[in-house]
Amino acid sequence: MASIASPHMRAAIILMSCPDQTGIITAITEFVYRHQGNIIDLDEHVDFENHTFFMRIEFDLQNFTLNDDELRAYFQRYLATPYQMNWSLYFSDAKPIIALFVSQHLHCLYDILARCESKEWDVKVPVIFGNHEVARPVAERFGAEFHLLHITKENKREQEQKQIEILRQHNVELVVLTRYMQTLSDEFVNEFPTRIINIHHSLLPAFVGAKPYHQAHARGVKIIGATSHYVTAELDAGPIIEQDIVRITHKDSIQDMIRKGRDIEKVILARAVRLHMQRKILVHHNKTVVFV
Amino acid sequence: MASIASPHMRAAIILMSCPDQTGIITAITEFVYRHQGNIIDLDEHVDFENHTFFMRIEFDLQNFTLNDDELRAYFQRYLATPYQMNWSLYFSDAKPIIALFVSQHLHCLYDILARCESKEWDVKVPVIFGNHEVARPVAERFGAEFHLLHITKENKREQEQKQIEILRQHNVELVVLTRYMQTLSDEFVNEFPTRIINIHHSLLPAFVGAKPYHQAHARGVKIIGATSHYVTAELDAGPIIEQDIVRITHKDSIQDMIRKGRDIEKVILARAVRLHMQRKILVHHNKTVVFV
Amino acid sequence: MASIASPHMRAAIILMSCPDQTGIITAITEFVYRHQGNIIDLDEHVDFENHTFFMRIEFDLQNFTLNDDELRAYFQRYLATPYQMNWSLYFSDAKPIIALFVSQHLHCLYDILARCESKEWDVKVPVIFGNHEVARPVAERFGAEFHLLHITKENKREQEQKQIEILRQHNVELVVLTRYMQTLSDEFVNEFPTRIINIHHSLLPAFVGAKPYHQAHARGVKIIGATSHYVTAELDAGPIIEQDIVRITHKDSIQDMIRKGRDIEKVILARAVRLHMQRKILVHHNKTVVFV
Amino acid sequence: MASIASPHMRAAIILMSCPDQTGIITAITEFVYRHQGNIIDLDEHVDFENHTFFMRIEFDLQNFTLNDDELRAYFQRYLATPYQMNWSLYFSDAKPIIALFVSQHLHCLYDILARCESKEWDVKVPVIFGNHEVARPVAERFGAEFHLLHITKENKREQEQKQIEILRQHNVELVVLTRYMQTLSDEFVNEFPTRIINIHHSLLPAFVGAKPYHQAHARGVKIIGATSHYVTAELDAGPIIEQDIVRITHKDSIQDMIRKGRDIEKVILARAVRLHMQRKILVHHNKTVVFV
């Protein structure tokens, strides 16, 4: 899933950011080159305002002269440390494991499960959490464990601890909120930094919070949208990954807006999850660098 | 300009709204039919929330048995009064007269003047107001009278009175703010209800007020937009006519956003002005019904 | 499904076209009005080239003074016959029955079945035909009868007869080809005039026939698209219902195009099916009039 | 114009393509680094089908240790020759010189001239060729020399020679066809390889040749578009640079399509010209690699 190269090729992907300075690209590409790695894809970006350098590099490991541990160790010693990098290393043959949270609206849930089952995506979805029974048969039909958790102000902490435990058991690396109508506590969010993706049914920052389509209808806008973003402590304020829109007219009732919105919500959430799985997103200063 | 029918045909356009009740469409179409009018276009909309009926009807006057005054008088007596209509009557051969207000950014000004000069639009632009000299040569080259008005808190009232006077002299029916960086007083706005169109360089209601592209950049959105709307007393809160968007990425600086935004600002403002000139916009409860 | 009004209201929908002449709208609305029908929605269009009038009218039957048979008979006698109309009458409480044809690509199939199961659509899908086993488990899981039919030049006629028979048994009114990689015979198509909807993965008329994404890649286009259309005897030449696009760049391989295309194929096919179910599409001279 | 960096910085831009092999990126970035160049922007692309490597690199010359001639000579000797590159070198302070060809439709002409005059673009437009007098006053008003050339089968060769001569006198590097309704001879095209940009008012390859909007109307499409491309010997078959679309409905007459099309033609042509001026387009196998 992670590789943009052919599925038969085992590739390494490195995502990194660091203070900008000359020579970085040379140093990194030279490192890959010297160990017989073949660069499949390289994307870089310089944020001149913040003097920050961002890079995604993917290279074929077929003839690479270092094993995975050596790669990690050498890159840390000779590049990450001297250049003060934030970096992460991924391998294209690691199968991502994601968990889905859902409430009553199932369109995003169906969409993601269908992508997995039809092998459009090569990811595992071992577990689904819901706060309504309606999702259980769907989850089970698609072979995922379903947990119904009624969350109240009183039991929230404890219920979330249960969730975290189950997510750990399944080695879940990404939590996807498929129209999950329930805010997460800071504790929970901090457990999964830039590892929780939400879909909000407005073009953020417009119409934050509840019933965005009702807000849009009241304002009489001609365009509505959806936004996928990483979840942070502040509601609907996390780094935006993807957005898309659909045109509406005076003829569209709130029901029409909800219906039209569903089709972009599905697509925009799926795009964000896919980009994350492909290791194409870097987060910096509450913004995303997305290498497409 | 107003007619959607062939330019050779003289047509009447009626825009109306009233409390919804059965039989309205029959009554109106029957009225046109009885006097030998041929309906070229009919659009209607019912706002079920507010029980309000909206209609635009355009009909050929070639064989119409009433003259313009009779049409106005009879429609008022037999339809508008009994059905408590807000209505207006237009004729397709009336050439609209518009005035432009501009500051330093001239792209919308150039765009509108080019549409007029190239006969894409059949409208008159006799007068342009600016608060910088930069627009004068452009105005004069395109044959429009240019008035430089420096507006300060102190002289605002008096300067606006001057503007209103000049607009009256030219029988201006529509004021178009082509990126005019100056708020209008309530007095001025009330002189031209739903007859002042502004372009705001964001997807309202997001990023109201100054420097929307800077706000958008700070938030890290992936889509920016522009909104054309009627000007009301409250800043950037008037009825929205048209909106459009353009995608951006992490690579786009504020300068890039300003550049990309220009191209949609031009188009979105022009669309709104054209729709107004074609008598296709009705305003109700701070929203527009746009019959396209 | 058919009604755009509240689901609790029983409404009649009339779709009609006829030679254009003055007085039609009055005649029709007067007919509804006289029998205490309340017009919920009215859309009309005049094709001036072909002097043809098109109309969709939907009215509430709550206080209507005619029963369904009388409505049909009177409308025929007093309007359809004198005005030489092609017309059809639908009732909002009739639940549409559709059949799906599929090959190996299941994304559109999943999408439609999910819309039905999640009650986004109120339609029945009793039967699915496929030419590969891959779709069987999906069909059965969603509670639809699955028929595997291997179609060869030799057995095509006979296999299609079998299909027609089964479709009749289920009273199927609409056949949806969800990426069905098999052409239908003229005999079959003529059984279901404007009642077979196909999704073609290009912006028709570009890239007709097989492997449109490969064709698009070879030409180096920057935009790809999908087209939903009614199936006629000529391949990919039927009346276009809906189209949508997605941007691509030099970075997109054919695989990327196939992936990106899937998401618009799903949406564009679903939009077309929904518009058909809502009785919003009229076909004339191999074009559609779509009242949205 | 060419630089994407701050206008105050003098930068070099290198566009190159060559057979793909490992180590290229290292070699190039190392070359820049060794001579104290600071990389402002780097984009690369590998075409795996054709085993071709593409790159655009832009670097700050402030502390660069080679002068322009040395840069050109060393890059040729140490990189271009060993790696068999097609390459070109540009400097951000060189002001592009473009010529415009126009017929009767002036919207693209107005649009480009306004961008230049308003300093949105920092380019020179010394000369405009037209085959109708209508463009003369516009050209002169914007301070460009205007040449009226009536081209017939008989005088085509000779007239084009005159054009080439004038273009050479003005050191024109890019010819822009702003809706120029006249085909160019192969001789002319070969004079300016990938240096003639045309706007075609359809989404190529659909509706090649004359009257694309009429063709689109006849087919009943729901989306029309515009395509900017480099001109080659074959009509409307050159490498596509940019495309955009606008939605239409059954209500849109051919006149409406022409009107709606104008607004995307302007924008799509301008985008292509700008990308060319910024040295962001590489052409290979009749396709473009566009680094945005």
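Some observations on this one:
Going in written order, the chains are labelled A, B, C and D, and every chain counts its residues from 1.
Keep this in mind: a contact is a pair of C-beta atoms (placed from the backbone, for glycine too) under 8 Å apart; a residue touches a chain by one contact, two chains touch by 3 or more.
What you are looking at is a predicted structure, and each value in this text was computed from that prediction instead of being measured.
The most distant chain from chain B, with centres taken as the mean of CA atoms, is A. In whole angstrom, the spacing between the mean C-alpha positions of chain A and chain D is 37.
Annotation: 42 Å between the Cα-based centres of chain A and chain B.
Looking at chain A, residues 251, 292 sit in touch with two or more other chains.
Taken pairwise by the contact criterion, the protein chains are fully connected, each one touching every other. On chain D, the positions that touch chain B within their shared complex are 106-107, 110-111, 114-115, 117-118, 120, 141, 251, 259, 262-263, 267, 270, 292. Residues 45, 47-48, 203-207, 219-223, 225, 239-245, 249-251, 253, 286-290, 292 of chain D are the ones that touch chain C when the two sit in their complex. By the touch rule above, chain A contacts chain D in their complex via residues 22-23, 25-26, 29-30, 33, 36-42, 44, 46.
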